[in-house]
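Below is one structure, written out as C-alpha cells; the observations come after it.
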Amino acid sequence: MTISDTTVKPQSQSRGSLLLMLSRYGTFLAFLALIVFNIIVTPNFLSWQTLNVNLTQVATIVIVATGMTLVIATGGIDLSVGSLMAISGAVAPMIFMGTLFPINSPALAVALAFTIPILIAMGLGWFNGFLVTRFAIQPIVATLVLFIAGRGIAQVITNGNLQVFKNDIFQFIAMGRVAGIPTQVALMLVIAALAFCLIRFTVIGRQIIAVGGNEKAARLTGIPVRHVKTVVYVISGGLAGLAGLIVVARNSASDANLVGMGMELDAIAAVAVGGSLLTGGRANIIGTLLGALVIQLVRYTLLANGVPDAAALIVKAALIIIAVFIQQRADKS
Amino acid sequence: DVPKLKQKDKYKVGFAQTESNNPWRIAQTNSMKETAEKLGYQLVYTDAAGSAAKQVADVNSMIAQGVDLIFLAPREEKPLIPAVMAAKKAGIPVILLDRSVDPKLAKAGEDYLTFIGSDFIKEGQRVAEWLVKNANGKTKIIELEGTTGASPANDRKKGFDEAIKAAGGFEIVASQSGDFARDKGRQVAEALLQAHPDADIVYAHNDEMAIGAISAIEAAGKVPGKDILVLSIDGGKEAVGLVVDGKIGAVVECNPRFGPKAFETMARYAKGEKIEPKLINDDKFYDSSNAKAELAGAY
Amino acid sequence: MLLSMQGISKSFSGVAALRSSSLEIAEGEIMALVGQNGAGKSTLIKILTGAYHRDEGSIRFNGRDIAFASPAESQAAGIATIYQEINLAPQRSVAENIYLSREPRRYGFLDRRSMREGAQRVLKAFKLDIDVERPVASFSAATRQMVSIARAVTQNATLLIMDEPTSSLDEREVAVLFDTIRTLQGNGVAVCFIGHRLDELYAICDRVTIMRDGQTVAVSTMEDMPKVELVRHMLGRELAAFAAISRDGPEGPERPVRLDLAAVGSGVRVRDVSLSVRQGEISGLAGLLGSGRTETARIIFGVDKLERGSIRFEGSERLYSEPANAIADGIGLVSEDRKVDGIVPDMSIRENMTLALLPKLKKSGIVDRARQDAIVERFIKSLGVKCASSDQPIKELSGGNQQKVLLARWLCTDPKVLIVDEPTRGIDIGAKAEILKLLRGLADEGLSVLMISSELEELLAAADRVTVLSDGMSVAELPRQKLSEANLLTAMAHQVN
Amino acid sequence: MLSAIFKPLAPKSSGDLARVGVVVALFALIVFGALRYDNFLSPFNILTFLRYNSMFALIALGMAFVIMTGGIDLSVGAVAALASVVSALLSPYHWIAGLGGGIVAGLAVGLLNGLVITKMRIQPFIATLAAMLAAYGTALLLADNQSVSVSYDTGFTMIGQDDFLGFPIPAWIAVAAYVVGWVFLERRAFGRHVLAIGDGEVTAALMGLKVERTLLAVYGGSGLLAGLAGVILAAQFGAGQPTEGVGWELFAIASVVVGGTLLTGGSGSVGATLAGALLLGMVFNVLNFENGLGWISLSAYWQSVIRGLFLLVVVVLQARLTGRGEKAPARG
C-alpha cells in the first residue's frame, strides 16, 4: 500500500575497501601521523622488534578496553578492571603451584589455572552488574567498590607477597607464538574481532547499543535490559581476568599490588580516543583498537626519544586531546 | 629535647608505614610486626598508601590513641616534619626508619630520637664504583629510575650519576622511570633497548625493575650478563639468585629487616642510654664473588 | 514586517532540509506555519532562534539584520520559543523552569518567593493549579506542555513561536491557550503557530505560510486559503477524505475478546478500569488528560505493576511483569512520549525499527541482515518515512517521521494486540489519514488495536467502540452505534465533578 | 477543577532521603567511634581530623558542582599537587603570594578544562584526564621531581597549621567555601543554571542559558577549590608535593555520590557533600583506631577491603532508601 508520495532517496552508502573504512576514523589519522613522526624521529623505529614490542605491550590494554567498550556502550563504566586483573593474576599461580590445593596432574593444574581465575573475574563482573541492575547504583560507584576492595582482596589472598614462578605451559599465553604471532597479540586480535562481530551482527550486540542509547525505550521494546547490562559486566570482568593472566605470565611473577594498576584509565582513554561516547549508545571496536595503539605509540615515542617523565606526562596529555579532537572533527565531516 | 620513654614491660608502639605495594615494604612491615609480636608489644600499624599527607594524619591518630613511641618510615623528607613535631609536642618519641626528614627543620636527638636505615645516595655510589671496576669495556648505560619524585629514586640516581660522571668514560644513553615495578620496568626496558641497541649496561633502581629488564633483554635476543650488564639495588633473594646465575652483575643490599634493630634501639633508650643520631644499616654487596655463599642469607 | 527570513537554506550532512525558504511575520499577527512531516518547519524555527546556523539566507528582525549565535541571544532580542519536543529541565521545579535564565532577583540573590508566586499566578491564568515546587518530570506531558507555554508567554516577547504547542493538549486546554494568544495579540505580540490540526489553525491564525520539501510554497491569509487548497499545497496532491475509512467485515459483539481487563488498578492514577479489546477491532480509549489512559496502557504492557484486578489474554489470565512478557504474547505499545520512551536517538532508522523484532530476526544469535533490510525498506516505503537512507540516525528525522518509524517498529512484529498512545501526535494531516487507514486495514485482517487518543475526531473516525476513562475509572463503553461527539463528551465530563 | 487531575505522582524527592541517609550514617559512625575507642572524641583527634580533611572537603565541593552539570573532574588531585608546588615556590615572597599563586594555578587548570570541554567539545572525562597528566607533569617539572620546602618566615604555614578561635584555619576555609557554595547553589540563579545544564545541556541551551559560560565557571571553580586545597597541603605539611593527590579525585567523587548526588547530573546538595566527605574521612580515622585496639591488626589490605565494603553498604542502603532498586529501569 502506498501511503504518501514522499520520496525515499536511494541508499547512498558505498562500502569501500578496508582502508577507506579506516580512513573514516579520525583516530586512524592520528595513528598514521604518529607512525610517520616516529619513522622520521625515532632511531631504529622501522624494525620487526619494534612492532613486536608495541604489539605485545598493547595487547592487554586492547583486551581490557574491548570489554570496556561494551560496558561503555550500555552507558556504564567499569573501574574495577585493574583490580580484577590483580585478583586473577594472584589466583592463577596459586593454582598451578598448588598453594591453594594440591593438584597432581600438571596439565590439569594449568588448565584450571586458566579457567578458575577467569571464572572468578567473570563472577566479580557479574557482581558489578548485579549492583548496577538490581540496586540501580551508578556504574562508576558500583565498580568503585571493587576498584577499592578488589586489589585488597588480591593482596589478602597473597598476603601481599610476590609469587615467582616458572611454568612454560602457563606462560605460553604471554611468551609463546601462534603461527609466528605472539600469543597475546593473537588473543588480542581474536577478541577484538569477536567483539566487532558481536556488536555488528548479533542480536545481543544491537541490544547493548540500544540499552545505552535509550534504556527506557529499550525496555519497552522487550529487551531484557538487566540481562544485557549484566552480560557486559561479566564480559568485561572475564577479559580483565584474561589480561591479568597475561601480565603475570609475561613477568613470571604475580604481584597483587601492581598488576593492572591504572589499567582502568588506559582502557577508558583507549575507548574515548577511539571515538565511542562515554555516554553510551555507541561501540566502536576498531576505534578502540586504534585508540589503544595511539596511546601505546605515544608512550613508546616519548620513551624512545628520552623525553623526561615529567615532560612526557604533559606531552601525553596534549596528544590525547589532539587525537580526540582530530577524531571528532573527522567524524563530523 | 626528645621526650623520655618510661621503662615498661609492654609498650603500645605505633608504626607508620608509607605504603605496601612492593616486596621490600612488605618485608619491612613483616619484620616490624614479627619483632613486636615476639616482645609481646601492641603494635598500632598504619599504612599511608603512598601519601605523605595521609601519613601525617596516621601519626596524628596514633598520638590521639596515646602510643608510647612511634616508628615512622617517612614517605618524604619535608612533608613529614609536622608529624614529627606533633609527636614531640605530645611527648611521644619518634624513631625514623629507612628514610629521614629534612635535617634543616628537624634534628635527631632534639626533635626525633634517631634515624635507622641506609643511605640511598651511598647505594647508588656503591653500584657505580663496582661498575667502574668491572665494566670490561662496556660504557653505554640505560638507567631505570624508580617512581618519579620518590626520594630513593632521586637519591639512587644522584649517587650513581655523580660517581659515574666523576669516573668518566661512561654515557647514560637513556634514563626513564619504571615505577619500581617489574612490569613497567620491563616495558620501559623493551622500548629503550629498541631505541638504543648499542646500550650494554642496565642500572635499575631496584630488583623488580632489574628482573623486568632481564626479560626484556632476553626478548630482544640478547644475553643478560654477557651482552648487557645488569645492576640493581635491594638484594632480595630472587635478585641474589640471578647474580648466582650470572644474569645480574652486582646488587647492593638495602635490608628491609628493621624490626630487631628498631626495637632494640627503643629498649636502649628506655633504659636511658644515649642514642646516636644516625644508625646506618651495614648493607651487604653481592656479586659473583659472594652471591652463592650469601644466597641463603638474603631476605 | 517584524520578521523577514529570506532565501534560507540548510543541509544536514549533505541532505538539504531547507532550500531557499522564507517566512515573513508582521507585528501583532498570528502566522500559521504548516507543512508535512519533514517539510522543514522546525528547522526553519531553529535557524531563526540560533539553535542551528543557516547555510544561506538573510534574517531581518525588528528592522535589523540578525544572526543569533545561540538561543540565549534570540531570547534576549525578544523572541520566545516553544520547541517541538517539550524542552524543560525535568528535575527542576515548575517555577524554576518558568523563570530559568531570567530569575527574579533581590540584591543579587534569587527571589524564591516571587518566583513561586509568579509561577502560580501565571499558571492560574492557564487554569492550572499545581504545586510549582515539584519537579517538572512528575507531571504529565500535557502539564509539561502547559508549563512550557507559560514560560514562553511570560517572556514579554515581541514574537512568540510555538512549534506544535497543542499536540498533547485536549480541547479545553487548547481553548485556554487560544484565549491567551488572543490577549497577547491584543498587546501587539506576533505569534508563529506551527500545527497539524487544521481546525485550530483556522480558529486562531490570521495568515498561513505553507512549506513543502524545504521550500515555502504558499503564503496567504487564512480566509483566502480554503482547507482543501491548503492541503493540496502541503501535500502537493489531493487528500483522500479523512472520514472515508471503510469498515468492512462482521459487526457487533460476537467477535472474540482478545484482551480483557477486569477492575484493573495500580497506584492512585488507575483505580478501576475494565475494558475489552476484541479481535479485528479498534477499541478507543478516551478521557481527559490525566484520566489514566497512558497508565492503563503501561499496566497492560507490563511496564507498571498490576496491583488490583486481572488481565486476561485470549481467555487466560496473565501477569506481565516486564514488557518482554507482553511482547511474547504478541502485544505491542507505541508510547506517547517518543523522545523519552520511544526512539534510541543515535541508532539508525533500521535498528530502531527492528528493535522489537530482533529476537525473531536471528539465526543462532546473528541478525539476518537481508531479511532485516527487506522489512525495513518495505515499511519505509509503505509508511512514507522521509529519510536519506535507512542508515540515518533516527534523531535526524523530523518528529512526525520518527513517529512513523516507531509505529513500524511494532507493525513489523506482526502483533496480535497493538496499543497506540496518541498515535498521530505530530503527524501531518496526510499521513494521519493514512495511518488510521492502515490501522483499520490491519484490524480488518484480525489485529486488535487499543487506540488512546485525545482527538475525538480520530476516535469517531476509526474506533469500533470507545471506552471512556475518568479519573482512573472506566465510566462508559460506547459501541459504534452510539459513537458521537456529544455522547463522548458527556461520558468524559460526566464523572469529573 | 483541574487540580485533582494534576496531582503529581512521585514523592517529593528521592535525593532528600539519600541525603538524610548520609547524615545518619555519619552520626552513627561517630557514635560508634566514641563508644568503642578512648580519645576518639578528644579535641586533639577532632581538630587534627578537621585540619586534614578540610582539603578533601574543598575538592569534594568543587566536584559536586561539576557532577551537578553532568560532568566529572579527574584532575583535582593533580591540580592540588601542582598548586601546592606553586604556592611553596612563591611562599618566600609573602604568604599572600603563596596563597594567591596556588589559587591562580588551580583556577588556570580549571579554566583550561572548561575551555577544552566547551570549545573543543571534548568529553569531561577525557579533558580532565589529560589535565590530570599535564598538571602532574608540570608540578614535577616545577619542583624538579622533589618536594619543595615552603618558607617558614613569611607566615605562610599559618594557613595550614594555625588555629583561629580554637579551630584550625583550614577548617575555617572549608566552612567558608561551603557557605559560599551553598549560597551559589541555593540562593543564586547560578545554581539553578548548573542544575538545569545537568538535566540536559541541549535543553538548557534552548531555554536560553549561557551553557558555555556556566560550565567554564564550574570547572574554573573546581580548579580553584583544588588549588586552595593545594595551598593548604603545602602550608599544613610545609612542602609543595608534586606526587601527592593520587586518588583524591575518586575520594571526591565518592564523597559527592555518598552525599546523594547522582552522577548523571541535575541534582545535588552542598551540605550532603560535606557530610559525605566527612563520612569517608571518618572511615579512615576509625580504621586507624581499630588497629590501635589490637583486636585484629588490620593490614592495609584488609583496610581497603573494608573500605570497599563500607562504600558498598552505604550505596546499597541509599538505593534501598530511595527505592530506586526494585523498579530499576522503569522510570527516571
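Observations on the structure shown:
All chains are identified by letter, namely A, B, C and D, in their written order; residue positions are counted from 1 within each chain.
Everything that follows uses one rule, which is that a contact is a pair of C-beta atoms (placed from the backbone, for glycine too) under 8 Å apart; a residue touches a chain by one contact, two chains touch by 3 or more.
It should be emphasised that the depicted structure is a prediction, and the values quoted were computed from it without experimental measurement.
Of all chains, the one whose mean C-alpha position sits at the greatest distance from that of subunit A is C. Inter-chain spacing, taken between the CA centroids of subunit A and subunit D, is 30 Å.
For the pair subunit B and subunit D, the distance between C-alpha centroids works out to 34 Å. Averaging Cα coordinates per chain places subunit C and subunit D 43 Å apart. Remark: subunit B and subunit C have CA centroids separated by 71 Å (rounded to whole angstrom).
For subunit A, residues touching at least two other chains, in rising order: 155, 160, 216, 219, 309-310. Within subunit D, the positions touching two or more other chains are listed as 140, 145, 299-301, 303, 330.
Annotation for subunit C: residues 303 touch two or more other chains. Which chains touch which is summed up as A-B, A-C, A-D, B-D, C-D.
Within the complex, the subunit A residues that touch subunit D are 131, 133-138, 140-142, 144-153, 155-156, 159-160, 215-216, 219, 225-226, 265, 268-269, 272-273, 277-279, 309-318, 320-321, 324-325, 328.
In the complex of the two chains, the subunit D residues touching subunit A come out as 116, 120-123, 125-127, 129-134, 136-138, 140-141, 145, 250, 253-254, 257, 262-264, 299-309, 311-312, 315-316, 319-320, 324-325, 328-331.
On subunit A, the positions that touch subunit C within their shared complex are 1-13, 201-204, 206-207, 209-210, 213-214, 216-224, 281-282. By the touch rule above, subunit D contacts subunit B in their complex via residues 37-40, 42, 44-45, 48-49, 52, 55, 140, 143, 145-149, 152, 161, 233, 236-239, 241-244, 246-247, 284-285, 288-289, 291-292, 294, 297-301, 303.
On subunit B, the positions that touch subunit D within their shared complex are 12, 17, 19-20, 29, 33, 42-47, 49-54, 56-58, 60-67, 76-82, 86, 90, 102, 104-105, 147-151, 153-154.
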